[in-house]
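Look for chain A in each of the two complexes below; its partner is chain B in the first and chain C in the second.
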Partner chain A sequence: MSGGDRGVAWAFPRELFEEKGLRQVTVWTRGVVLIKEARDVVTALAGAAAREGKQSQAWENYVDLPDRINVPVKAYARISDRPIESRYIYENEAPDIVVVVEESLVKGNPILDGLRPGGTLVVNTRRRPEEIARFLTPGSGLGLLAVVDAAGIATTEKTLSGQEGASDASGIGGGWAAPLSGAVVRACGLVGLPSLEAVVKAPEAARIGYERTILLELA
Partner chain B sequence: MGKKALLTGVVAVAHAVKMADVDVIASYPIRPYTGVMSELARMIADGELDAEMIRAEGEHSQLSIAYGASAAGARTFVGSSGVGVTYAYEVYSPISGARLPVQMMIADRTLDPPGDFGSEHTDALCCRDQGWLMGWAETPQEALDMCLVYYRAGEDPQVSLPQYACQDGYFVSHITGEVAIPDPAQVREFLPPFRPVRVLDPAKPIAVGPQIEPSMGPPLQYQRYLAMQESRRVLTEAYEEFAGIFGRRYAPLVEAFLADDAEVLLVTSGAHTATARNVVQKLRGLGEKIGLLKLRSIRPFPDRELAAACDGAKVVGVLDNDAAFGISGGGGVLYTEVCTALQGGGLGDRELLGFVAGLGGEVISREEFYWMAQVMLDRARRGPVAASGKRESGGDAGLMARENWKKTFWLPFDMEAGEGAA
Partner chain C sequence: MSVVNHGGGAPAGSAGPGGQDRWKTPFAGDAEAPVGENERMITGGWRIVRPVVDTKACTNCLICWIYCPDACIVRFEEYVDVNYKYCKGCGICTRVCPVLCITDVPELDFAD
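Coming up: the complex of A and B.
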């Protein structure tokens, strides 16, 4: 940012706006068929955080919607011990945690863009983390790769309820989202497992996801 | 006691509508309003809400249905966004002219072209002079509370006017926030059932919306004017009683933040206030005398409260999240309104600046608010521009530089061009 023609510069003091303790979660999924799973991951994590007295927010990327079948779409959560100052900075600028609901999204999508150094990637896959790592952009600063076979633990749920900011009458976290959220908890302890179990429809799936998560340290 | 939940703005409003025990809902889908409609439909289907829900074939019909239902004595709710708001334009004045307290939730959306789902206040502000109360909620909690306060104030016999309860599309409507859902008994205490002064009744026929002679025009319009004037007092009292019952206290018309000794003030409305407040707070921490004023009410416009809050400020900047092409001053709607409210403060003792930002639903970034603040602080340091065009202080006083006269800025373009610096 500069003052331009009169030569006066107003450099934006980015460090002044650092939000210590803020964790950003970005979830990538595929439109229509798997959108509920992404929405459920962010809703469950934000809800679990709220149970712990934390500040949180969850939302879908409105610009990606209305979605079309299988197009890449995103959902977000922010969790903090303090009031969230960046509430209406619409997209997560520097995610701490990226979750991929469908494994092939790791190819050809900028899933690690802006990732905070040492950040975490959670992928729903049956593959070993070493195999997933081969598809990731080098130099992304990824610190931890976690894989979980969410599809082997739960069945994906499909509903038209819960779109456009409305509540989801079918409930939250009955499908892949439960083990995927469990994997997030295992990988980075964003919230406590009991808090997560308390807000999802399938707490056992969340716990099994937590237990079966395989971690690969990269940094 | 109530309970807390993470709710989006649309769901928060649906809860308010349910607790307000609305009788008739007329709907027509358009993003981002759609979520309210589907949530209310779910509530009715699940037996949580006993209301008549009528799916119109367009927004003009939607408002016409509410017009009739309200005239028959029903508490009514409608909502829309963007071009849906403007499609119903014809019906707004008849509803307020008949003094019917219909409530319309507007989740902002940019007007076409191009087709854009993004939020912009232009849709609602197009309707600002139709005799409806109007204000913006910054959070889902404020959206819920505003719905209740507006029914209460709008149905007051001293007001009897419809209300636009606005929220920024997707920022407020689609992001969850923590919401205290009040106890229904508290809501019943605050908002008793709608008791219309007169209703459509075959036993006692009346005419609503008839043709009149021109001689009947002045008194009819004057009554609507007086009702809008009176709504300042009624709104203030409603917010006061709201605080007593629910424990959440709102400045009814203008909300001040770090404004007491501020030399520079930014006036905002709606969701982007949250980002602006963050920037103002950081600059305060650096010792800058900057504050913020959030307009909770746009109609009625809080002239006196705003003027009082701006007393002592050297520079007042106004954020406009609306496009008003060719408008006086070259800023947006709120800039012209603030200029009028502060009457002539643009020259001499106080400088008034306008900032148009966030059009099309673009995020108004912290960088942009920081830049607005620096432009205002810079003007405050350089001193006021005299009517002659000369500054009273500053090394380049006497130069009628273009920057001295530039009052309104369009972001990000003027920021990138360095227009504010001098």
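Coming up: the complex of A and C.
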């Protein structure tokens, strides 16, 4: 559909979210106590992409809010080389990359639902990827599993600053989010490491996360 | 269920359409607590750690049973255990047990 007659300069892509070059990131975390880390991962990745001249969006799942302590909640990013035309859907129904901020979320939560074939999963854990893989639904089409001990590299930031669209006075990527985003960069090169380092509060943690990421290719 | 009239409610003799009991004020101490599970709000997936009771060391003092905000402590004859379908892993039982027989174990240490 073209919005031409009303002077709208965009058109719906024929297939929503089938746009070339568009990559969608879904981050799972736990309400209240770890929500800042998920928000920081998507904000940092989107910010790093913007520095590279890419188009990007970052937001939280509004249905999940207001969250409660420990409740599984999600945050999202969309990054593309060209203008992102798919819109009006506020959840990533077919993510390319899934990030898990707290390891036990891999159990009993539909984290891989809708994952694009060959997609990537990044988990903050001290465990080996093989151990995490045991908890994942078979047949999800997962192509690559990456683990990083983000909690061993940084401490969590617990703050209500930045909640629900408010501006965040505490800064982006000072906690687990920096090494976790570093692991995302290592696993799938969504943005360049220097761009990520430029936007997070703890660039060294981002680099260490990048370096210490362990990758497991899955069939 | 026996409902005792403690003085509230409608004046004596004014039985309503639902019969006499309908007009009596129930007293919480007399009313049976509902026992049930909400299948649409299973909260076991909220857990990061799982409280594990050493049932041999448990003295059955029921302090954890009183404290658990989600009524997840299940009473047995000589010990208590946890209803993991709903336990959110908040850690309160672990903190209040006077004999320290509850341990918080990372959820991924368990296959189930």
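Here, the second predicted complex is superposed on the first by the 201 of 219 C-alpha atoms of A that agree within 3 Å, B and C clash if a C-alpha of one lies under 4 Å from a C-alpha of the other, contacts with A are read in each partner's own complex, and residues count from 1 in each chain.
The rule is short, and it goes like this: a contact is a pair of C-beta atoms (placed from the backbone, for glycine too) under 8 Å apart; a residue touches a chain by one contact, two chains touch by 3 or more.
Since the model is a prediction, treat every value here as computed from it, not as a measurement.
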Quiz item: First (chain B), second (chain C), both or neither: which does A:Arg30 touch?
Solution: second
Quiz item: Does the superposition put A:Glu15 against chain B (first), chain C (second), both, or neither?
Solution: neither
Quiz item: After superposition on the shared chain, which partner residues are touched by A:Asn70: those of chain B (first), chain C (second), both, or neither?
Solution: second
Quiz item: Between chain B (first) and chain C (second), which, if any, makes contact with A:Tyr90: first, second, both or neither?
Solution: first
Exercise. Give one of first, second, both or neither to describe whether A:Glu164 is in contact with chain B, with chain C, with both, or with none.
Key: first
Quiz item: A:Ala46 contacts which: chain B (first), chain C (second), both, neither?
Solution: first
Exercise. Answer with first, second, both or neither: which of chain B and chain C does A:Glu217 touch in the superposed model?
Key: neither
Quiz prompt | Most chain A residues touched (candidates chain B, chain C) | solution = B
Quiz item: Touching A:Trp59, do we find chain B (first), chain C (second), both, or neither?
Solution: first
Practice problem: Considering only the touch criterion stated at the top, classify A:Lys107 as touching first (chain B), second (chain C), both, or neither. | Solution: second
Quiz item: So which bits of chain A does chain B touch that chain C touches too?
Solution: none
Quiz item: Can you list the residues on chain A that touch chain C in the complex?
Solution: 30, 69-72, 102-104, 106-109, 125, 127, 131-132, 134-135
Quiz prompt | Parts of chain C lying in touch with chain A, wherever the complex brings them together | solution = 44-48, 88-90, 106-108, 111
Quiz item: In the complex formed with chain B, which residues of chain A make contact?
Solution: 1-10, 12-13, 16-17, 43, 46-47, 50, 55-60, 62-63, 66, 85-91, 161, 163-167, 169
Quiz prompt | List of chain B residues in touch with chain A within their complex | solution = 4, 6-11, 14, 31-32, 34-36, 38-39, 42, 46, 117-118, 168, 170-171, 173-178, 271-272, 274-275, 278, 282, 285-286, 363-367, 370-371, 374, 378, 403, 415-422
